[in-house]
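Structures incoming, each one as C-alpha cells.
Both of the next two complexes hold chain A, though its partner changes from chain B to chain C.
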Partner chain A sequence: MTALTAKAGTVGVGPLPPRGRRRRRVKNVGARIFLVLLAVFLFAPLFVVVLFSFNQTASLSFPIPGLSLRWYDKVLDDPEVVAALGRSAIAAFVTGLVGGTLGILAALGLQGLPSRWRGIVQTIVLVPIATPALLLAIGLAIYFNRLGIKPPKLPMAIAGHILLALPFVLLTMTAALDRFRFSLLEAARDLGATRARAFWTITFPLVLPAVLGAILLAAAVSIDEFIIAFFTTGTDATLPLVIYARIRRVIDPGLNALATILLVATTLLAVLAARTTVSSTRR
Partner chain B sequence: MTGSLATARAGTAIQFRGVNKWFGRFHAVRDLDLEIREGEFFSLLGPSGCGKTTSLRMLAGFEEPDSGQILLRGEDVTYLPPNRRPVNMVFQNYELFPHMTVFGNVAYGLKLKKVREPELSQRVLDMLRVVRVDGLEGRGARQLSGGQQQRVALARALVNRPAVLLLDEPLSALDVKLRRQMQVELKAIQHRLGTTFVYVTHDQEEAFLMSDRVAIMNHGVVLQVATPREIYERPADAFVADFVGSLNTFEFRVDGVAHGVADMRLGEGDRVRLRADDGASWATVGTTIRAAVRPERVRIDAAGAPSGSETDTRLPGVIAGADYVGPATTYRAETAVGLLSCQQSNDASRRDLAVGDRVTVSWPLDAAFVLPSSGEA
Partner chain C sequence: MSIAQLAPTLVYFLVFYVGPLAVLLIISFLSFRDFQFVEPFTVDNYVSVARSETFRILFVRTVLLAFLSAFLAVVIAYPFAHLITFVFPRRSRTLYFLVLVSLFGGYLVRIYAWRTILGIEGVVNGTLLTLGWITDPIREILNSPFAVVVALVNFLIPLAVLPIYASMQNVSPGLIEAARDLGSSRLDITRRIMLPLVLPGVRVAFAFCFIAAAGDFAIPALLGGVGSSFIANQIQFQIGQTANWPLAAAMAMTLIALVVAITAALTWASRFLTR
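And now, the complex of A and B:
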C-alpha cells in the first residue's frame, strides 16, 4: 500500500516540471514572434530606404540589380545638399550647446527651489513637449515677424530647436540631479572647498555623463526637426527641408542616400545619449 | 578673527555660549552652554531629535545658530563658513567621493590647502596606515566594505590635522562586532594623536566606552556633563538615570536620619538606607522622595544567608521571574518597595533560583541614590 502510493507519487510528480517548462518555452516563442513582427513593422521602411540608397539603378523595383555608392556620390556633389547638411550640422551643434547649457542651469536652479514651486515650474517648462510643433512653429514665425527682427533665417530655426529640446534636456538633468547626493558637497565644504570648488570637483564630474547625454539628446532633436525649420528658415533650408522639397518634384534615388545619412546621424546621437545617461545611473 | 581671545580659558577647545537653534517652530537646541577641553574625547549622547546632531552641525558650520556664540580655541566662529573652520567631520554615511580613489579622497583636503608632493603623498599614506587601510589607496571609493569606508572617512578628516574632529554617529552603519572593534580603535587613535574628538551618538555603551566626558541631551537641553562613571552612578535626573541604563526606582519615605544615613523603616526591622549628604534638603523626617538602585548592584541570596555590612539595605523578597541571557541572569523579586530587578552574573558564585523562592535582596549603602525629578537638574 505504502509502496504503491509512493510509486504513484513519483509517477505523478516526475513529468510535471518539464511540462511546465515546455509551456513556458512555448509562451516565449510566441513573445519572440511578436517581437520580430514588431521590429519588422518598425524597421522595414527604414531598411528599404537604406537598401535603395545602395541601389545600382534608379528604378525602385525589387530585388535590386546590384550595389553601388553612386547616389551618395551624386548627393554629396550637389551644392544645395551640402549646404543644407552644413546648416543642419550647425543647428544641431548650437542646439546641443545652448540647449544643453540652458537646461542644465535650469535643472540646477530648480534644485534650489522649495519643492512646491519646483513642481509648478517643472510642469511649465515641460509644456513644449505636449504642444503641437505646428503651433510652436507658427507662433515663432509670428513672434519674430512682429518684433520686426529680420535675422538670418537659420538662427531663428535654431532658437525654435532650442525651445523644443529644452524640456528633454531638463528631464534628463533633473533625473540625474535627483540621484545626486548633495550631502557629498557638505563633505567637500568641510574639507575646505568653497561652494564653487565643491561644484567643479564633486557635482560636475558626477553629473557629467548626464550632461553629455542631455547635449546629445538636444542635438538629436534638432537634426531631424522639420516643422519649425519649415516655418522659419526660408531659403536657408536644413536637410529635412531639402529632402521634402525634392520628393515633391521627382522620385530621386539620391534622397534615399540623404535619408540614410540623416538616419545614421540621429541614431548615433540617440545611442550615444542613451549610453552616457545609463552609465551615470549606475552609481 | 574677533578679539575674544582674552575670554578663552587655556585648554578650552570649544565653547557654546547660550546657543539657540530653531527649525520652524521646533526648538532644536535651547540655551546651550558647553565647554569642551583641548584633547578630550567628548560625546554628545541622547535620543534622536535631542539636538545633538544639530549642535555638531553648528560646530562644523553647516547650520547657523539663531542666537548665541560658538568659540573655537577662543575665536568666534559662529558665522564662519565650514571651509574656513579648522574642524573636520566624519559623516554618518561617510560621504566618500564616489568618483575618486581612496588616495584622492584622503588627499582632497590637503590639495585644497596647497600641500605639495612629496609631503602630500607622505601624509596621505601615513594616515592610511594609522587607520589601517594602507595598500588600498588605489581602490575606488565604491569598492570598499563598510568598515573600510569608515576608516577612509576617518583618514580623510584626520589627515588635515583639524583642531577638533567631529564624528556624527560614524559607526551606526556597521554590524555589532565591527562596531565594537572600531570603538576600541577610535579611542586608541584619539589617544595617539591627541586630537579633540566630539562624538555624537545615541548609544550609551558606545559613548561610555570611548569618552572622557559625556553630555546627555534631551529636547535640545544639556542635562548633565560629566565622566561616564559620574553620569552612571550619580545621574543628574531621572531621565539621565534611565537613559544610561536600567534602573530600579522606588518611593523612599524618610523615617529617621542619623550619621549621614537616612532610613526608611519597613515591617519586621527591615530598613532601606540611603546616604544623606550634609545639607541634603530632603533629609528630614516625613519627606518622601524617589530613590533608585541599578540592577547589577543588587545582590540576591537565598533567605537567611549571612548579611554583609551593617549599613547594607536588606529586604526579604520572592522571586517573580528570571531572564537568562548567557553571561548573566536578571531576576525579578517582589519586595516591600516593589518589584526589583537584580542582575547576577553567572560566574563561579552563581546561584540558580526558581520562581517562588524566598530570597534576601540587598545592596551596599552607596549603590542607591536619590533621583532628582527632571527639570530640577
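And now, the complex of A and C:
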C-alpha cells in the first residue's frame, strides 16, 4: 500500500488509478482471509466455552436449545469454587502490588545505571520469561520443602507469580520511562520547582498510566497462572487448579461457567493493562 | 540511588529464582534412598535418565512435538506480523491489541475448550452426530498428538507474534522502496533487507515457543492421552507418586540442556541464511 501511494506521488498522478486500486483489493483478499481464519483459530475455542456456559441443557452440541444462567448459579453456590475465587483474587492483588512495586523501582533504578550495566541487569531480570515454568515450579516446590516450609500454601505460588510477572512489569515500565523526556524535569527545576513538586506535577501524571498498566498486567499473569500454582499450593487451590481437577471428571457444564469467569477476569485485566499502556504511548 | 532501587528486585531474584534453581541442580546429583535425598553426590540420576528406554521415548516425543508446534506458531505468526505492519498499518494497533490480550487470556480455559471441541461427547462429534453425518463419535481426535499440537500452536501464536512484530518495526518502508527503485528483486529484498532485520525477532520467537512448549505439562496431560505424554508429565509422576525428587530434577535439567542446545544450534545455523 505504502509502495503504491509513494509511486503515484513521485509521478504526480495524485489519487491512485482505478486499475491499481482494483488490483490492490484483489491482492488483499488473501490477506484478509488469513486474518479471519487466524482470528477464528485463536478465539473460537474461547467463544465455544462462553457460549455453552449460557446453555440451557447439559449437551455440548450445536445448535444450543436456549440460554440460561443456571450453570453460573450452580458454580457460585459451590463453596470450593468460591474459596478458589477468593484465593485467585488475593494472589492477583498481591502479585500486582509487590510485583508492580519491585518492577517499577527496578525500572527507575535501571535508568540511572551506565548503559553497559543497564543491559546486564535488564537481561538478568528478563531471564524468567525464557525459563520453562515447569523448572521454576518444581524448583520453588523443592526449595520451600527444603527450607522446611510445608505443607505448601498459597504464598509460595504468589512468590512464583511475582517472579513471572516482574519481567512484564519491567518491560512496560522501561518502555514508558524511555519515552519520558527528562528535559521536562530539568525545565521545571530551572523554573524554580522543588524536586517534589517537579515529581508530582510532571513525572507522576506522565508515568501513571504505565504504572497502572504494569500492575494490571502482573495481576493478569497471576490469575491465569497454572503450573507454578499446581506444584506449590497443595490444597490451597486457585481457580485454574479447580478447573484442572474437574476437567478429567465426567462432562460438567458448570465448568463452562467457571472457565468463563476465569476468562473474563484475565481478559478484563489484560485489556485494561493494554489500554492504559497504549494510551500512554499515544501521548 | 539507582542501586538502592534495584536492590529489592535483585535480592528477590537471588532468593526466589537463583535459590530454587540451584537447589534443583544440587538435588539432581543426590541419591534417593528410603524416600530421602542423601549424599554422596552421584550422576546416577542422569545415567538412569539416559539409559531408560521409556524416558528416551518421552524426551524424543517432547522435543519433536514442541519443535513442530514452535515451528508452526512462527510460520503463522510471521505473515500475521507482516500483514499488520506493512499491509494494514492503520489497523495494526487493534490487531496487535487483540493478540496481546489473547496472550494473557485463558491458558487453562483454552485447554478445556479444546476438550469440549474435540472430545467424544464434544462439539465436533456432537454436531456431526446431530447432523447425521456420522453414526459413531470419532474417538481419535482427542487424546492424540494432533490435539496436543493444535492446542500448543493455539497457545504459542501470540507469544511468537510479539518479538517478530517488534523486530519488523525496525524495517522502514523507505528502505524497501529504495532497494526496489535501485532494481533489487523481491528475493533480494527479502534476503538482504527483511531477513537480517527480522531474523533476531524470529529467533527469539522460536526460542520462546520451543521453551514454553517443551516444558508444557497441562496440554499433554489433558489433551494428549497415554500415547502423547511429555517429559513434564513423567516429572510430575516422579514427584507426585514416588517422591523421587532427585530423578525428577535430573530429568528437568536434561530437558533444559536439550532445549538450550537445540536452540543454540538453530541460532548458529540461521546465521547462514543471511550470508
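For the reader, a short list of remarks on this structure follows.
The definition used in the following text is that the second predicted complex is superposed on the first by the 257 of 283 C-alpha atoms of A that agree within 3 Å, B and C clash if a C-alpha of one lies under 4 Å from a C-alpha of the other, contacts with A are read in each partner's own complex, and residues count from 1 in each chain.
As a working rule, a contact is a pair of C-beta atoms (placed from the backbone, for glycine too) under 8 Å apart; a residue touches a chain by one contact, two chains touch by 3 or more.
Because the structure is a prediction, the values reported are computed rather than measured.
Shared-chain residue A:Ser183: touches chain B; no touch with chain C.
Once chain A of one complex is fitted onto chain A of the other, the partner contacts of A:Ala106 are limited to chain C, with no touch recorded for chain B. By the touch criterion defined above, A:Leu206 lies against chain B but remains apart from chain C after alignment on the C-alpha atoms of chain A. Applying the stated contact rule after C-alpha superposition, one finds that A:Ile33 touches neither chain B nor chain C.
In the superposition on chain A, A:Tyr143 makes contact with chain C only, while chain B stays out of contact range. Of the two partner chains, neither chain B nor chain C is touched by A:Ala245.
In the superposition on chain A, A:Thr194 makes contact with chain B only, while chain C stays out of contact range.
Touched residues of chain A were counted for both chain B and chain C, and C has more of them. In the superposed pair of complexes, A:Thr266 makes contact with chain C only, with no contact to chain B. Once both structures are placed on chain A, no chain A residue is touched by chain B and, in the other complex, by chain C. Contact residues of chain A toward chain B in the complex are 181, 183-184, 186-194, 197, 201-202, 205-206, 283.
Of all residues in chain C, those touching chain A in their complex are 1-10, 12-13, 16-17, 19-21, 23-24, 27, 76, 79-80, 83, 86-89, 93, 95, 97-117, 119, 121-123, 125-127, 129-130, 154, 157-158, 173, 176-177, 180, 207-208, 211-212, 214-218, 222, 232, 235-236, 239, 245, 248-249, 252, 255-256, 259. Per the touch definition, chain A reaches chain C in the complex via residues 1-3, 6, 28, 31, 34-35, 38-39, 41-46, 48-49, 52, 59-62, 102-103, 105-106, 108-113, 121, 124-125, 127-136, 138-143, 146, 159-160, 162-163, 166, 217, 220-221, 224-227, 230-231, 240, 243-244, 247-248, 251, 255-256, 259-260, 262-263, 266-267, 269-271, 273-274, 278. The residues of chain B lying in touch with chain A in their complex are 60-62, 81-83, 87-89, 91, 93, 95-99, 108-109, 112-113, 142, 156-157, 160.
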